[in-house]
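Per-chain numbering from 1; labels A, B, C and D assigned in written order.
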């Protein structure tokens, strides 16, 4: 699910090695970033009781405690354990908090993470503290380039888990009839309305993928040229009002609107509306508990099947990821500890910060893609099957984590992420 | 799973109503018992962290927090809610902590109890405190007979859950690769050995079921006569050494030793030894963590299928529940807060305090059985299908809860209880 | 499912061996019986196309072709293969048509019997012909007692499969939207009505089980004494009209009427009426296609759960098997080729020939029961778990196969057999 | 699974309508094609008994009888039922033999097709005969263009089912321990060896999709330009020898070689070798029964996961469908009744007639794709999710059905088709 390997690419070679160790100044900057990202993770978990942090509501989700531990495991395993003199906190954690790295041992059974009542939340925080001490010690001096690359990767990895902490805790709380709130709802100005829908035009030969300086995951590379037929893409995401019209038009009862597999899921799971929506179609469970749905708010918690069916109903289609990337703006810069929001806002045309936009592109390797060698490269490529690409970034994505070339990916049935859509269409 | 309805029977009539309200002195005695049982439950949970108390390791087991709440729910729903002036702690708890009483609402989904991170453990303890205050207030004055009967039932009900707290937490901890201990192992004198196996003889017309004064569940009644063919029953439970011989004789590989359904389970679940035994057959996971198996210790955590297969292998059979009851001794009296032990001891011939003994008797109503009217009577009878009777009482059973006529029952596949066997055989 | 081991018991010893070989005259009588039973099986299959005979509509049912082969396999394996000079028809059939005898090899996967398009129906009939030739050759001379016992067993075994051929083909045809008929409906005299319901009284010490001369399965033995509390049993089976009143009184919507496991099945399988009943509750799929339900006809295709819920709704209960046996009449004698009927008739009070009556007795060994040694004894006992006893015999049972001590057994969920109920109640 | 909508495209417009009715001569030519295709289907079923033709070995496969009926249903529903005066053979067939056209009624449950023992094979052949008579009557005169288009579509549709008849019957027979043969193995010249592996080069801007005259399915259109990075593709398919080396190198035990989902399937299904291969890796079940594997034969019955893992092990990758199409040759012309072969031959470099080649391309719409209006257009697009494209055509594909732009598609787990692979790689 989470892309984890990276390439720093000014040229065509994967994992280009910087010529020499970085200066102490560079390490210090990294130390600042490290502290900010780590603190942001803990801030997200602050409202959680030990019980909240330990429970797992479905196989796809993980307990917050597990996220706290796994992100530390990443630094311990990938960076610290190779350093002379470092003693691992607890050898048994090496398997316990391994997500899916088969070369590193036998990851603990994913569906049973909620049963790990030990170590306690407090012990996991001690684990984090030891890792942080050792990391900051390391970053106090010059850091070899390879380690620096891995540390940067680890921070982006941790930001991915920050988003998952929110989506997973939301799913957990939604299963509780008490409908508990994780936090306060974002304030929405009552006068704000969605921007009018316009169609932005694109087509022709475009470049796709990450090509500049700065961090990117391996799956965003290499940058390559693509030919696009003329197309249009909507200037903003689909709203709750628009999606409700689809529901009220019996959208969930009409097989002709659905992909065959999607229709099977609708039947099997008895889907009648987006995840978290109440029966009245006017309110929904949110991270702030049950809240009324703003009609101009961005529709979210849609599966790919629902996004696709909606688009068909609307006489349009989903964009490909290349179509999306060609017209999307760059995200604004943000500090590494800028907090995410708890719900998408009004559909104001922003390309980031509301929902992840489903695209019609299967998650496949870019031409010339190669997984990086070694453990960190083991696993991005291995998820390139049965998933669809989502673009943009949601309210729950750390703002400094956003990137135009970013490729998020989930199976078509997934809808516990903040996922929605923008429409696209051909120009005849 | 848990029998909950009772009958107080000096005569043949079910639910004979005491003529009048009891005196204050009687209520005071009940208050003492109430406090002891309630305190014993909390003492059992004392070693648990909030995370431990909240997790659910399988559908059959419940979180300790849920047990704490449900046993309070019982008093609130059955006794307090009928009292004028009582205000329920939280209306939403009425469904949340309802186990299976369909007439009282819609019980929360059993398999999802581990997702109830709210209310917190602390809130549940506040719930207990409110219920305790109201109950002790009630017991400060004369108590109507009907309430007295329900309170007594509630205390026995809570003792059943005390045993489940231990078996459920054991199962949960067993799923954790850290193999954490709940408590210290009982001390076993190194010189103690199992008593030699003798055969006790029985047969003829015997009385079966609860007939005297004192509390008994409805399913132990009415007392009735049964004809038994001549038989023998072993003077003690099967030991680890004996059961290990069965395992080492390829007992789990020989279909001819097994019931057809049992063999299917052995294949499907890949059973190769009792639950919690390590591969070496010399150690096992216990409530005190991994411990070596005493050869003369009582074999436990056997399913009915395993008990039955062992008996066949040994050239014997399981006793019926009537055969067991006819020869068993009465248990010793014990105070209501006598604590259970964490593991069965040496096979010393005691009928209680080691393991529950599987019998070959399907859990069926006794002749003339009638479920009591109303809610409390709704549900003992409804489990009388697909289950087998176990007799005696285990190390985890509160000592004051033991009774010769007691009928415990579980499906044949269950093995997370402290269950074992005594052999029986026909006298030709 | 099918009981197959037998004991011939004039005394208390299982498998008493006759002193010497029988005379040729006795063998000739057996030969006549053999031919009649074998011909009756084939007559039942005569209306079936090769496709009908080859399909399997669920795991519990088998194709008619498989029944034809398996009943021959029984004689070949148990009787002929031990004879010098006999050559098995095809060695591969030994596993292919083995039902569940683990000591005889590896039975072919039960759920995949419908995939055995080879051997063809024609080849299976050739297999039957070879077995018949060899069997009749054997029966042309004096037959050793052991073989005689096995042959008699084989004939009763085949009669059991005759009933299954009808119930299995009915289930198969019911899955076909064309609602094809297997045969013509039995003619019912329009003037006939159900006999009025009376209550027959019983109780006290009774003998139970097969004790006289003549054939019986091992599970009907040994005969033994049982104490019964005073009770009453209905003079006839529950009718369609009566059962319909239960359905119309929302019987399938009221959890308080059901066993807990039964209620779970009702929910999971969305049961709303007996198997094969149409929505209108006035017609049902039968072996003669869709037919209107005679109000006074015997209600059938009920699971144990439905029979039990109906009885509770009616203020009664199911009888135990001992209660049933104590009051039931002996069945009338019938020739071995008397054909079964295709549907139960009017509820006329007969104890046999309508439906199998569910009893509340779990299928357990009688006191002193021992499975006979060797292969034929392997498997009756092994089904003594998770099943309930049915008594009497249905319209589809070969009339010469009926017996007062007969113990049929099925899991509580099964309802594709011709199963119904008689009510019983305690005498206070 | 089966693509069914078509477009006749000399230009860029989908479903270009021919200006007027065709002449009688054109209809006569179509009548010849019709007869050839229909006869070819029946010839394929000639070796099957009624039982063979009726059984269904898994949900993905269908009985041959069902294929025979469904292909007739297609002509009846799409062409004949709109004609005045035509009477449908049996109204109930309209649902019974509807595959998945939700707008045409309620298709009979896919997994239960093997239970349709009625209509019999003979009745289905009568159904075919009626449809054939009516179709040939229609084709005796001038045929409106719309009908002509649909008839042509129906013939291609029937050819798709011809291939499925072979793959489905192979799967069925493989489940039978008798290992029956459907036909004779193709003769392989003992001296023939695989051609040496060479690498063919491609890249740059290429046209993709069907653009010329002649029939193509809608999913092959519109023709469009694509940019390809420089790459190489193998001159022939992977052989049994090569694939065996992968198996013997523990390919099925090394998670690092597999996609994550693929590895999960390998574990769950215990895959250790290709479907139908025997344990010895030297022989395999074929349509001619068990046969030894020719080392130079084309490896087949591989899932996408296996093809992908093999490629990774071999230091290569799978081609995209565009890469495949850019370098593949056109297939040779063949008459409509040229029979398929029963097994792939030696790996001789041919692009067609051995196995379908897995590509790494998810099955997605081409840019500008639109499903045609009406029923026939309903369902090609609806399968464009969770499937991968295969290119080329197998031994079981009717030779006249092959086409360079043809897009076959199956889920990554499927391996009962004749599917294999060609390697590809980047040019650095």
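Remarks
Everything below uses one rule, namely that a residue touches a chain if its C-beta (ideal position, glycine included) is under 8 Å from a C-beta of that chain, and two chains touch if they have at least 3 such contacts.
Remember, it's a predicted structure, so these values are computed and weren't measured experimentally.
Note on A-B: its contact pairs, compared by residue number with those of B-C, A-D or C-D, agree for more than half at C-D. Across the assembly, the mean Cα position most removed from that of chain A is the one of C.
Chain C and chain D have Cα centroids lying 47 Å from one another. Our note on geometry: chain A versus chain D, Cα centroid distance of 38 Å, whole angstroms. Mean C-alpha position of chain B lies 60 Å from that of chain D. Contact with two or more other chains is made by no residue of chain A. Taken chain by chain, the contacts form a single closed ring in which each chain touches exactly two others. Chain pairs that touch one another, listed by label: A-B, A-D, B-C, C-D.
Listed in rising order, the residues of chain B touching chain C in the complex are 100, 102-103, 205, 224-229, 255-256, 258-263, 304-305, 308, 360-362, 364-365, 367-368, 378-379, 382-386, 412, 426. Partner chain A is touched in their complex by these residues of chain B: 49-55, 57, 65, 92, 95-96, 108, 112, 114-121, 172-173, 175-178, 180.
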